[in-house]
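There are structures below to look over.
What follows is a pair of complexes built around chain A, which joins chain B in one and chain C in the other.
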Partner chain A sequence: MALPKRIIKETERLVTDPVSGIIATPHEENLRYFDVSLEGPPGTPYEGGVFKLELFLPEDYPMTAPRLRFLTRIYHPNIDRLGRICLDVLKDHWSPAMQIRTILLSVQALLSSPNPDDPLANDVAAIWKENEPLAVQTAKEWTEKYAM
Partner chain B sequence: MDPFARFRQAGPDQPSFFDSLKDNELKSRLEQVLGPLSPSLFVKLKPKAEADFEEAVTEYLAEEDLKQEKKEEEVLFVDDVNNTHEQDISSQLIPNNSGSTTKSNDSDLPVSSSIKVESAKVEEINDIPYHLGSFQADIWCTRSGSNLTKFGEELTFESHDYTLARVSNSDGVYFARAREEDAKYIAPLIASNVCQFKSTVIYADSKLRLGSTVFIQVDCYLLPSAFADNINFQKDSNDVPKQTKKSKLKTFDESKETKEEVSVRLRQSALVTLFEKLGIYKSNKGGSGLNRSRKDTISSIPTNKLKIEKSDLISGSEDSANDEVTSEQLDFFYKNTYKEVEELEPSPCFAFNLFSYQKRGLAWLMERDNTVNTQNDDLHPLWSEMRFNNGDLFYANLNSGELSLSKPTMGSRKRGGILADEMGLGKTISVLALIYSTSANTTLIVAPMSLLSQWESETLRARKNPKDCGCFVYYGNNSNLSAQLNEFLDSGFDRKVIITTYGIVASEHKRNNVGLFNHNFDRIVLDEAHMIKNRTTQTAKACFDLRGQRRWAVTGTPIVNRLEDLYSLIKFIGIEPWDNFAFWRAFIGDKFENEETRESAMRTVQAVVVPICLRRSKSMKDPITGKNLVELPPKTIEIKRIRFSENEQNLYTYLFTRVRNSVQSKVLEGTASSKYTAILALLLRLRQVCCHPLLLKQSTSDKSEDFATSQPVVPPDAKRIKIEKDVETLEDLSATDLSLDSGIDILLEKFSEVSSIEFEPEAIERLLNHALEDEECPICSENMTDPILTECLHAACRDCLFTHIEYSKKKDSTTDLKCHFCRAPIDSSRLFVVDRNKNGISPLNTSVQSTKIRTLISMLRKTTATNKAGKAVVFSQFTSFLDLIQRELIDSGFKVFRFDGSMSMNERNTAVQNFKSEKSQNAVFLLSLKAGGVGLNLVAAKYAYLMDPWWSYAVESQAIDRIHRMGQTEQVQVIRFIVENSIEEKMLKIQERKSALSSLVTEEEKQADNLENIRLLLDLPEKNLT
Partner chain C sequence: MEDSTDFLATKIPSLEKFEDNLRCPICRELLLRAPKITECGHTFCGECIDRHLNNETRCPLCRLEVQRAQLRANKSLESAVEEWKLNRDKLLHQLTLEQNSNTREHKDDNEKHEHTGVLNNVEIQHNPNVKTMSVCPICSKTLPISEIQGSHIDTCLQTNSSRSKRKRPFFEPIPTKKLSLPFFATLSDAKIRILLAENGLISKGSRAKLIQRFQEYFTLYNNNLDLKTPEPVSNLRKKMSLWEKTQNNNTNDLKELDAKEWTSQHQTQFDELITSAKKTAEKKNTPEKNSENVINLTQTEPQTKLKNGEVSESDNESEI
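Now for the complex of A and B:
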């Protein structure tokens, strides 16, 4: 199937007008598949780390949300050990007016404000709630260990 | 075995002894002599019989004889003309033989002189090789007396009524009759002048009593008249003088079996019995042996009779036959109808180039057009070779009772035939090539009205020199038409083509055969000849009566769905003897209905059809090049499944539940089969909602038109139910007319509800100030096409937004629909457009657009926007739906053309012509499936949209072939719209079932299947219908 104009445009714009801290490059053999590098936002335990993600635009994009997954291990209550992300805009709150750019910004924002009340990684969320400093410390360690 | 044993057993009767007999003994004695007695007759005879048995019986028999003679005077089974003719033949060989077969009003008088001459002549018959054989029989005395007959005396059998065979002695005195089982075959064979039974007394008591037995030897001779070609089948030919036509048609159509047909039937079974009794078997090899064919024939006769009686009960209906034909069977018929002949170049005055296969077709057409008698040496499949006693051969048709001394062959005696090439192989061109390549002067072409102008223009386009061919369209209300026709026929053209419609032919036939019926044409061509498939229609009858030497039936579907369809064509061409319906029915129709004999019926049909029919299909390979006969560009057929909008779904669900309940209650009442038509009306409603809910609101007149269109779902049997239940049906219809239902009204209102919202003036201002079209759609990132707004005033392309709405509903029907942009909750029925004419924002008229129409428009838009642009045709079976589509398409800027049954011929032609010549690629042609689905050539279009499914796919396929046929140069794309989870999806399933359905045999099975279909359509539980 031919690539919809929208995907082409978005890809172009990701190059011409990049978002700071985010690099998304499509695979040459599959233009719906992107390699994403995401810098850990400053002032968070993830600062200084560069996280790899994979992003895939399904057939019915933009009617359905992109698929997005962390490839780099990360200690975060809303991201499980398989890299799956619990984020509303990737699910129910997706709207076709959103783009790759916006969705990656949402992920960046998620790193800034973890939400242990709606967890995906339960063990992480538990520690985060009981002992936040410990959790932040572990997150930092993981960032150093896996993302640097 | 002692031949006299029975005689001794019967013994001489003792009158005095009877006094003490009980009634039943008396009755059995009487019956022994007189045959079966009705109780009333017995009561009448009893007092006398008790007094004097002999006298009573004699008296009764004398009375009966008298009655019989009277009846003969009145009836004379075989009509006069026929009879004298037979006698002419027979008397040449056997002078005065006639005394025994006719004119016997004074039969009690001794006619010794003539009898003597006759017996002398009988000796002569011995010399001519018609002696079949001999057998012994015993006859019953019907009077007492001495010296009535003696050993060695020659007796004469006589019969006039096909049931009774009386015996007279050499003095001409009737004294005995044949036993019933013998009379069964003796009587008909005598009465129909087939046989003579020369009888000699072997033993007789000198004093005979009533009921005594006389033993005789019977020598059977075939009379020369048996071979005369005057069997009654031929009487129903096309060349009947006009004055007899009325009566002919009457017997043909209304009384299923005429007297002639009864006599033929009796004669046939008598011959078969006699041959068996005499041990005459067919001597030719191959085919079915006598035993088998006898089994066939004998068994076919009672059922035949039964069926006739049965269908007689249902007056006006001829559709009791279950002869629907499956596609495999069709293939079988068409096998071998492709002829290997040399190519023939058309006449130089013919302007078109022909394909190779068309040139070969022309050769065949020319041959059939010219030859009066193509000789074919094979024995006719219905005939058998038999031997006389002396070993000489003769031929008998054990199916019809016909006899012949010369070998009957399959030679087809009529000019003309069936050109049944598949659609799109250029049948019109082939016929024109034939017209131009022969010297036959006048050709009458009868075509459906929609094809009239096509024929005219093609005919004229085919000529090089105006003098070569003149063309006259015989159509219109002009009272001068007939005069103009005469004028045209007197003109100096080399060839004269008269083109008319079936309607004109039928109406002139009705008006006592005026106009066309005054002429005898050199050639008649029926285009789309399946128009006359129902032989009882006015049109068919009219076409049968047209006079012309060469008779051609041109149709892509000689068998539409029933074997009988083919009969009409054969009747039109006049292929004897198959053009006699009784004959057809008895030897093909009935056999086809019977599982056991179906195959032999099919073989017979094939034998009949092969010499007169040419059929090539598109998939056939050219024998020389090995390529397809016609390379058509590929076509793709896509089933576009669409989903109801919310309001549509509500309406549909509501209606569906109501219909389902209504049908279920009918089923529980056990009236489902009788209320079949009413159920169909309900189903129709569901189908309409699938197209557009507003169709429910259509006026009654509109509804009835649609309803008439929906008839074919119920093939033969239900049609009859309709006739029977006509009155009831009408009541049912109004009682179940759902459009008056209040619940539906509410839902309909909701569907058509137009919501209004107050917007901020600034927002309106902003939207009016710049064109949304220049903005990028947030969904597809392209400039917005046909932008619409949500109630929060966020814009997107119409298609994009609707796709979003669709996806949101699919994802989770419980969550509210949200704006694609701001995620505010929105309502899919409250969408808006910027309306610059009104300087404001107007609600998007979703109310008038059903999902189907919306999808159609968006698809049309898509195709016109791409480089694959092309004109489109749109078919629907509901003209009221076409009206709605038309309005929407015009609003959306399409160039719309229209073609339906309500338009006059001129309007239709103009529409077709305009569509063809339209340059713009966004031209859309709206056609009603019924009026525009056949015949038309619309290769100017590349896209076909079928808005609603029909019960049988064949009809849709016909419609598709309007654009996918000869002359189409580009790939064709077909879209069939089907609403998901609706009755339409079920209809697709029924289409798939169709071929299985047609093999069902009995009425009950058919009815059961119709009910099964309804069950399928409404998801009713299985148990309920059984």
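Now for the complex of A and C:
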């Protein structure tokens, strides 16, 4: 199966000119499958943590969005316990003009601004709304426990 | 691989942004293949935007509504990009040389060499990173001289002559009339099959596959006619057979991955998953406290699979 030029270019650029705080490395046996590590943004409860994600480019990428999932446990209202991410640009707001790097930046931005009003992890979102300091504290603890 | 980022290492790194605008936001190639502009003013390769509009009706860049009938050829940009392409390698070559010589001069200044002219030449030969580059007279790519004089010229001559043979229009007339996209909802499977067969395409497969196949051919065919030098239909058929291959390979690969490898590799994790699932199910049967969790699980279940990465949910589950 031929790998589209665009994927090769994107991969080259990810490796030679990485986005700060994000490392994405393709698997040698499957160049559509990437291991991603993402640093928790400073000033958030995820600061200091390094989160592992998996990323897969489907056959019709870039016409459809990459598939992306957290492998490291994270306490966040829009990320559930299986690591699935509730993010518009991964679903109906995907556009073929976006790239792997822009999607990963969006995920980083999601960590900076959790949105408990559109939750995926209902229990986390409920606590986030009722008692935000407690939620932030738990997120910090989880970061220390799972991501450091 | 050629990319706008090539300019980042030159004397004028901002040319990267300039060239980025001459590339299709979808496939990242230079806009040389009959680029089309949308009503909202964004330009894409004709093929890319057509293919995108098979699934969606919004501009990939600004999400405004876009209709196929409103796309227009962006000829000025196409000509500009053609000119850019002609001069790109020379420019890149020149800018890289200047950049290199600049850094070399700085070095020499620091080391206070007296005969900088001579020393420069010596350095060029001794530094393996700075090979003497030149432009290939046939394909106009910038390459090290040694490579051009070696094997490159031969391969370049061969591929170029075979390319020109293929393009020769004497044997195969180039079609002039565009295809029209039928309204599939009103067509029976049989009619779509006839339509495919009339165009020399495979007429097997599910209804969805038949439609996809015609849409792909429609995209290739009509955009080919918009090119300055359209290819003969036989080339389009070759592209279609490549397309068929990617379609088949894909499903075969996935089946093999799903069934054999994943199960054998991750049997233990699956077993763990099943036992833990049974446990939680038992817990939930007794008190009614966990009702919220049940809803949560059923809601999220259908999307669980990450195409190729199906396994890893079990990884996570076992961590929990």
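Quick notes
Definition applied: the second predicted complex is superposed on the first by the 148 of 148 C-alpha atoms of A that agree within 3 Å, B and C clash if a C-alpha of one lies under 4 Å from a C-alpha of the other, contacts with A are read in each partner's own complex, and residues count from 1 in each chain.
The definition used in the following text is that a contact is a pair of C-beta atoms (placed from the backbone, for glycine too) under 8 Å apart; a residue touches a chain by one contact, two chains touch by 3 or more.
From a predicted model like this one, the values you see are computed outputs, not experimental measurements.
Contacts of A:Met63 after superposition: both chain B and chain C are touched.
Using the contact criterion defined above for the overlaid structures, shared-chain residue A:Arg84 touches chain C, although it does not reach chain B. When both complexes are overlaid on chain A, the residue A:Pro96 reaches chain B and chain C alike.
Residue by residue along chain A, chain B and chain C are tallied for touches, and C comes out ahead.
In the superposed model, A:Lys9 lies in contact with both chain B and chain C. Put simply, chain A uses residues 4-6, 9-10, 62-64, 93, 95-97 to touch chain B in one complex and chain C in the other.
Across the interface of their complex, chain A is touched by residues 778-782, 794, 796, 800, 803-804, 807, 811-812, 815, 818-821, 823 of chain B.
Residues of chain A touching chain C in their complex: 1-2, 4-6, 8-10, 12-13, 16-17, 30, 32-33, 54, 56, 58-59, 62-64, 67, 69, 71, 73, 80-84, 93, 95-97, 120-123. The part of chain A that touches chain B in the complex is made up of residues 4-6, 9-10, 60, 62-64, 92-93, 95-97.
The residues of chain C lying in touch with chain A in their complex are 1, 3, 5, 8, 25-29, 48, 51-52, 55, 58, 60-61, 63, 242, 245-246, 249-250, 253, 292-293, 295-296, 300, 303-304, 306-309, 312-313, 315-317, 319-320.
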